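What follows is one structure encoded as structure tokens, with my remarks underneath.
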Amino acid sequence: MIEIGIVGGSGYGAVELIRLLQHHPNVTIKYVFSHSKNDEPISETFPHLSHLILNYTALDEKGVSCDVVFFATPSNVSKHLAPDLVDKGVKVIDLSGDFRLSNRHMYKTFYGEEAAPQQQLDAASYSIAEWSEVDWQHTKLIANPGCFPTSILLALHPLVVQEVIDTESIIIDSKTGVSGAGRSLAQHVHYAEMNENFSAYAIGKHKHKPEIEQYISTLSGKDINVTFTPHLVPMTRGILSTIYVKLNEYTTTEELQAIYKQYYDDKPFVRVRDIGIYPKTKEVYGSNFCDIGIYVDEINQMAIIVSVIDNLVKGASGQAIQNLNLLYGLDETTGLNQLPVYP
Amino acid sequence: MIEIGIVGGSGYGAVELIRLLQHHPNVTIKYVFSHSKNDEPISETFPHLSHLILNYTALDEKGVSCDVVFFATPSNVSKHLAPDLVDKGVKVIDLSGDFRLSNRHMYKTFYGEEAAPQQQLDAASYSIAEWSEVDWQHTKLIANPGCFPTSILLALHPLVVQEVIDTESIIIDSKTGVSGAGRSLAQHVHYAEMNENFSAYAIGKHKHKPEIEQYISTLSGKDINVTFTPHLVPMTRGILSTIYVKLNEYTTTEELQAIYKQYYDDKPFVRVRDIGIYPKTKEVYGSNFCDIGIYVDEINQMAIIVSVIDNLVKGASGQAIQNLNLLYGLDETTGLNQLPVYP
Amino acid sequence: MIEIGIVGGSGYGAVELIRLLQHHPNVTIKYVFSHSKNDEPISETFPHLSHLILNYTALDEKGVSCDVVFFATPSNVSKHLAPDLVDKGVKVIDLSGDFRLSNRHMYKTFYGEEAAPQQQLDAASYSIAEWSEVDWQHTKLIANPGCFPTSILLALHPLVVQEVIDTESIIIDSKTGVSGAGRSLAQHVHYAEMNENFSAYAIGKHKHKPEIEQYISTLSGKDINVTFTPHLVPMTRGILSTIYVKLNEYTTTEELQAIYKQYYDDKPFVRVRDIGIYPKTKEVYGSNFCDIGIYVDEINQMAIIVSVIDNLVKGASGQAIQNLNLLYGLDETTGLNQLPVYP
Amino acid sequence: MIEIGIVGGSGYGAVELIRLLQHHPNVTIKYVFSHSKNDEPISETFPHLSHLILNYTALDEKGVSCDVVFFATPSNVSKHLAPDLVDKGVKVIDLSGDFRLSNRHMYKTFYGEEAAPQQQLDAASYSIAEWSEVDWQHTKLIANPGCFPTSILLALHPLVVQEVIDTESIIIDSKTGVSGAGRSLAQHVHYAEMNENFSAYAIGKHKHKPEIEQYISTLSGKDINVTFTPHLVPMTRGILSTIYVKLNEYTTTEELQAIYKQYYDDKPFVRVRDIGIYPKTKEVYGSNFCDIGIYVDEINQMAIIVSVIDNLVKGASGQAIQNLNLLYGLDETTGLNQLPVYP
């Protein structure tokens, strides 16, 4: 059994890891780490786990006894703690943004803090699991992608790789459920103000913008700048991204949909909808699926791609487990066969 | 493998059975029956299942080839179809109300239709799984309990059996999420009218009232009439029942909680909260748990019991699988170890 | 024009007063007081008011220049500030709980703080507007009722006054929208945890319990203890109270409904539903109505009364304005003719 | 007093007209017409109006006795009924789409029915109230704009008129609350399926697309094709449109915001947010405001405009009353000074 430790135990990423790993045959959770809640039973923070006999513990030398440590922490935590674990031979899968950007300047601009040293950043492997080019034999630290980027990059990948679109024209309008904001309290996610309310936020300033641009730039070999507007939806889970791109050559909806169908034919977690059908966030609720719908405005030669994920599963803990599977040479679906919870 | 057929394939009970059975090691779903959608792919009705290659089929002679057929139908369906299957040797687990009431007059009063023949009703086995007294060797038709009754009877069972309360004094105030109303369209569950709205309904007339009374009457040996008020909550899943009962003898919260703790100690799906903590519906979301909180108003000598379930799991498809496990002599938790989806 | 000051300007009670007073022909808002936000424009805190040129100001000597000061503050504020204003000739309408309980011991038990001096409590006038017995000529400080008590006392008033029920048997199961918890941040009203969640809270400990008991005790001339369970509903506004009481004499639903119809015939804000129809919270959303539905369980001789209000209007700011109208001898509906916002 | 009739009395547009007109000093509602509910009390359909003594009536010769008739009907109704009223001297304000498009072919393509005769279409006046060029002395039939177009055209107007943008580049990503779908039942707006769900719909096919294009084409003098994607948000009210346009010349956020501020300085219902602040749908809930936020992506020279309205007020009944005020030479704010309901 792979022995797991989870850092950030009082957050949503951690409990989602626990929920999903329940179904994983090759894994055992050894520790759930929480600095602030050391020695407290996890059921005090999360009564939905009240049947589990499991206490939080402080991340100290215990981390080293794990095979793999997941960091389900806010940014600015793992960069201080993960390198030491890696040095001691523990594999790290980081769900935070600390090791996603290779450009230290970009990190500082968008995260407002100093980045990890360049050498550590260079050693980290960013992994959109479906298109991972990670050297699994040698990698020690996986940077698990952000939630918005996952929904966006899976949708854009075929278009960029197959050079179907003008990569200078990418406009992304994303909408996320509120759990993406985490468990920390803030006025704008106070129930009475967030309920029955829809808004745009952080336009031009969101941490995921440089992450998207870095990936598309690498993929296309050009220096790409995207337009990205995140919005907040009055619901708990789910991301829907609507992506607008100019087509390079005349293409019909049928042709474009066929490209996606073929491209994702052997990817078990990506489901391409039939023409005229667009995916809804609830259709992936609680599951590791990314569902995609395609439309071409033939007059404008504009492709509109709609993709949905559960931000806490495919957008965080689910993809982290998928990466764990890849790291251990397991089938990537191991432990991730949960069907969406519907309705 | 136990080969399963599911009748009522276009409803919520059926897709919840499919979701949960995904994790069951001893079961294979052979058919999903739908009269109105014969030959259509299930993914047309439920795009969240779009990766499944599975077509609806009509319930004809195929039903007989199954080991077990679940009826996840509205009332007034199974009573016409189940007896024939039973006669041909198929086990039936009925999630509808058709075989729950042994009193045909009560059925007619509350369901507005003629009941099944008395002989068939007498042969059916009503099974609150935790306290089932079914003769599993010989039973052929299980009447799976209603969602409200499940939340209520698990809460009342210790009080009635241990004769702690005045059974004439039972007042039940229940609140359910909207999925309990099923998938059929109706004005009061139209989103724009149900959202941001809370209401009581069917006071004194709800189909689950005689079901609760029948069970408590049998348990107590007295003819019991309860006061039962259902309410509709603007959320999809979850039932919370608040139950008010007069205590026979002076009892403290501590004493009463201790009774529950002991009573449910060996029941894996019932979790009794610590004193001062009350369960919330989201703490069982998507899982088969029933969580219970206890308070005694010592001045009035009134016990207040709060219980929560997911109406589609423990209140329907989850308990149906639990009964299937009992029927086949499997551990009752087989395939039902999903943790609640939180948040 | 009556010149108004509002203390607690950064809270929901204050903005609801501003919204409603917009339609009041006899009132002008002179100051909106906020200690923490002194000199800030109100639109920074509440962008929905961004067209108003209105800055918060500190409550100092300016309070004295108002005819009436509303306290829309948490408990433990007005008791320190209101008496001085009253002494200087300003009328005070207090939306908080500081002057509602005449029993200082009860205040300490349920509010966890020392109560105001007995003399000040005795001088305050508690006013359920429909049944107010306040000496409006001489009163200087109105204690505006709590939200739960308003929904409950309007429902119980006819039953108690007409001696229809056993006042020892009162069980109240109340459900409130989340805005009742105010604008201060807390984990249980964090959107991701409150959404799709229903729970009971503060059983036996809620501040409104002694307020209900004090009123019913006065009305009935007996020392009354009620059973009261509040619940939290995933919606912003609205309270629904379901009240269970034993009838003294055999009474039908028709008879009881007729009593209510007659009793509230001349009360413009109380609407009694026809038999078999129960009010929903959305049917009073944004308005000052209290709607009531009646059912008698004739076997048990138990009356079930369902009442709904908007907690921020009839349960707070609307009733406060209704009391202001009474104080100034205006028609009680002045400025309060808003229809419910539906859907 | 202006005597009003309202056709479509069982829909949301009608009850919103009733709610708003309650505050209008120059108007009296004479009839609420409903074919299907002739003679029924309105309170049977809408219990939130249960204190009103008002029965539905059939639209027959009574329509002629009104000064103004509002059509709050689905498409394909007013085109059959309004012309006759107009001929008999009644002014008509049509909230449906029947008279919005001057191109009969476009109507047929997007509405799926034959359009009204060209002569009638030509005689109708489309009126975005803020920028209306209607000849109020002579007009007899006002085509009240659609909800999406209102939110979009108020946002685009300054950019097009001042020739700041490339009108070929317009991309509109709109999100609406569910009340926009009306009161008729449909599976996708069934509560259990719509709740906790976000989706795109009718991409390239929405009825409001040609309406937007017609207006911008007229304004710019060019034949404009826009990209328009509507989405459905799990909330009752509110539209937010995010609009992406290429700037013609280098412009900063400050410069663009200044243009908007000046442009809308004398328009009481349009509020332009400060830089870095974006409006939220709840900040206009229940009111006639349209709030706008501006951002310029200076690298891409892309302007992002965010606008919000309440779809049932500024997007329907509120703007209809604003147009009524213009028709009668009243101040356009008459009866429309309701503040947003917050929270």
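As written, the chain order gives the labels A, B, C and D, with residue 1 at the start of each chain.
The working rule: a contact is a pair of C-beta atoms (placed from the backbone, for glycine too) under 8 Å apart; a residue touches a chain by one contact, two chains touch by 3 or more.
Which chain is which protein? Per UniProt: A, B, C, D = N-acetyl-gamma-glutamyl-phosphate reductase.
Since the model is a prediction, treat every value here as computed from it, not as a measurement.
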Practice problem: Give me the fewest steps it takes to get from chain A to chain D if each step has to go to a chain it touches. | Solution: 1
Quiz item: For the chain pairs B-C and A-B, which is connected through the larger number of C-beta pairs in contact?
Solution: B-C
Quiz prompt | Approximate Å spacing (C-alpha centroids) for the pair chain A, chain B | solution = 36
Practice problem: Mind checking the centre-to-centre distance between chain B and chain D? Centres are C-alpha means, answer in whole Å. | Solution: 46
Self-check item: Distance between chain centroids, defined by C-alpha means - chain B, chain C (Å)
Solution: 38
Quiz item: In chain D, what residues contact two or more other chains?
Solution: 12, 177, 179, 183, 192-193, 195-196, 234-237, 279-280, 282, 285, 343
Quiz prompt | chain D-facing residues of chain A, complex | solution = 171, 173, 175, 177, 192-193, 195-201, 203-204, 225, 227, 229, 231, 233-238, 240, 242, 244, 278-282, 285, 293, 295, 297, 299-300, 302, 304, 306, 343
Quiz prompt | chain D-touching residues of chain C, taken from the complex the two chains share | solution = 12, 15, 18-19, 22-23, 46-51, 179, 183, 195-196, 236-237, 268, 271, 273, 277, 279-280, 282-287, 289, 291, 337-343
Practice problem: Name, in rising order, each residue of chain D that touches chain B in their complex. | Solution: 12, 177-179, 181, 183, 185-187, 189-196, 234-236
